[in-house]
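The structure is given below, and queries will be raised subsequently.
We call the chains A, B, C, D, E and F, going by the order they appear; numbering starts again at 1 in every chain.
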Amino acid sequence: MNERILSEDNKVLKRFFSLDNQTYQGGTLDTATKEMLGLVASMVLRCDDCIRYHLGRCNQQGISTKAIFEILAVANIVGGSICIPHTRRAVEYWDQLLAIESTSD
Amino acid sequence: MNERILSEDNKVLKRFFSLDNQTYQGGTLDTATKEMLGLVASMVLRCDDCIRYHLGRCNQQGISTKAIFEILAVANIVGGSICIPHTRRAVEYWDQLLAIESTSD
Amino acid sequence: MNERILSEDNKVLKRFFSLDNQTYQGGTLDTATKEMLGLVASMVLRCDDCIRYHLGRCNQQGISTKAIFEILAVANIVGGSICIPHTRRAVEYWDQLLAIESTSD
Amino acid sequence: MNERILSEDNKVLKRFFSLDNQTYQGGTLDTATKEMLGLVASMVLRCDDCIRYHLGRCNQQGISTKAIFEILAVANIVGGSICIPHTRRAVEYWDQLLAIESTSD
Amino acid sequence: MNERILSEDNKVLKRFFSLDNQTYQGGTLDTATKEMLGLVASMVLRCDDCIRYHLGRCNQQGISTKAIFEILAVANIVGGSICIPHTRRAVEYWDQLLAIESTSD
Amino acid sequence: MNERILSEDNKVLKRFFSLDNQTYQGGTLDTATKEMLGLVASMVLRCDDCIRYHLGRCNQQGISTKAIFEILAVANIVGGSICIPHTRRAVEYWDQLLAIESTSD
């Protein structure tokens, strides 16, 4: 779908999508830290697609399950119990990522 | 999924889940009133899972259909037309709860 | 300011402001309960002006301080620690309402 | 579902649903402009059902694909990357509307 | 303050601020329409600074008071009564803009 | 004000305030990382008091200005231009923290 959107040649959207990618590149903070920031922001704004995206990226960055749960804990305290259903779906998806990983070993 | 989350032994999440349960226990306000508060809060924050949870609890507390519609009305006025799709799904779920109840009589 | 807004004769805004008032009139649920619903909704949506408005109305309805704190507790659990600064300002305003009341006795 | 909701005879909800319809009627701004306003508001508040509703209405008003993308661009810049999944679903639905239209010609 | 922020040479922030400006340049939709979109988005997301910014730009684009009120009406219906305090501050600021304008004639 | 709130002996609020403090204690992730998570969450939820609180804590943790700007960049991209006024106030407050620090050396 991203290709379809970019094909329309709307300059603002194209530049924004490109900028979105640059945001998580390592700088003073490394990519792993930035992906954790992206995850907690997606959790408190409650977007399941964004949560899954950042969980996938956190998994690639080698972030541990214990760290993921600490991020989910921050999100639940800051964002409240309204985040609980998203927490359940996040943990379900994280477990799937770990299962895929252990199969491919 | 709650068991899976609690099994990870993240103290903040465990305590928050426990605290979430305590919140709706009767005090100066009874559980029925607190569940109505939980329902309207879930409506304006627009979380369908949370809405269904509190509708189920309101049903157990014997809250009437007329009262539920008055809560939904407050939610629509405070939260706006962006709550209308959640209102539709709330009423659909409420009618299912009533249907189950009348079957089990 | 409401008079200025209504003077412009925008029918949608006029009807919406009128509907907003009708929302809290007693029905199956009494005004006190509806004002508590308005307060918790304003808390989780984090609007200080709306919180103060509903605190004033709750005070007129004779709602106790213990009940107000239980409403704030529901709001903090559902809406998270992001509601804490609004909780502080709510309690400060509530105490002012009580002080005015005790002076006017 | 709207009929079910209106059948309950909750006056606030009935008037609010009616007012919601009046909002997009032509005035100083025409319906096309108001539907574009409804679309961008639904995008930044991230409600897929509302987005689809206003996309359907924008399509009936003859708004072009280029204009729709400019509205989505405003929404993404104001509302952030958290709107990207909604942007994808919006474009997918818009393309379906165009496909139906070209078939019915 | 923008200069201070840009002086730090954070590429993502610099590009985002620049992209934010490009968003409202005339394309298929003219700047006036895009500023109205920016205004309604700021209203439903309830940011007074953003509302004032877009009101100023709408004023420069020659948008009439009647049109502004129709935008505020859409915002109130979509976003709910939680937008009312922002509506009051928006109208107050708009009247100031008109007063400055009439003085400078 | 926290003392006033805790004096009321509402158990849910007391436990939630205590839990809020525990959330940022070092675990698998250290306090510095958790404070950065708290900052980005406060930014995208747009609460100036919370932002200032976490900026103060980030300053105590020795987080650099470059890192703070990278966190603000993530927040702006995820949360959109609606975060720009909060970004300005965040940078203004951060500069004050640095000024106080350099004076006290």
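In the analysis below, contacts are C-beta pairs under 8 Å (C-beta built on N, C-alpha and C of every residue); 3 or more make two chains touch, one makes a residue touch a chain.
Since we're looking at a predicted model, the values are computed, not measured.
Common neighbours of chain A and chain E (chains touching each): B, C, D, F. A rotation of 180 degrees, rounded to the nearest 5, superposes the Cα atoms of chain D on chain E. Of the two chain pairs considered here, A-F and E-F, the higher C-beta contact count falls to A-F. Compared with chain A, the chain whose C-alpha mean position is the greatest distance off is C.
The chain with its Cα centroid farthest from the Cα centroid of chain B is E.
With each centre defined as the average position of its C-alpha atoms, the distance from chain A to chain B rounds to 28 Å. Rounded to whole angstrom, the centroid-to-centroid distance between chain C and chain D, based on C-alpha atoms, equals 31 Å. If you average the Cα atoms of chain B and of chain E, the two centres end up 36 Å apart. Taken residue by residue, chain A touches two or more other chains at 12, 16, 19-20, 23, 41-42, 44-45, 50, 66, 70, 73, 76-79, 81-82, whereas all remaining positions touch fewer. Viewed as a contact network, the protein chains are fully connected, with every chain touching every other.
Of all the residues in chain B, the ones that touch chain E in their complex are 44, 76-83.
On the side of chain F, the complex with chain E involves touching residues 46, 65-66, 69-70, 72-73, 76-77, 81-82, 84-85, 87-88, 91-92, 95.
On the side of chain B, the complex with chain C involves touching residues 19-20, 23-24, 27-29, 33-34, 36-38, 40-45, 50, 64, 66-67, 70-71, 73-75, 77-79. Within the complex, the chain F residues that touch chain B are 11-12, 15-16, 19, 22-23. Listing the residues of chain E that touch chain F in their complex gives 1-2, 4-5, 8, 10, 12-13, 16-17, 20, 41-42, 45, 47, 49-50.
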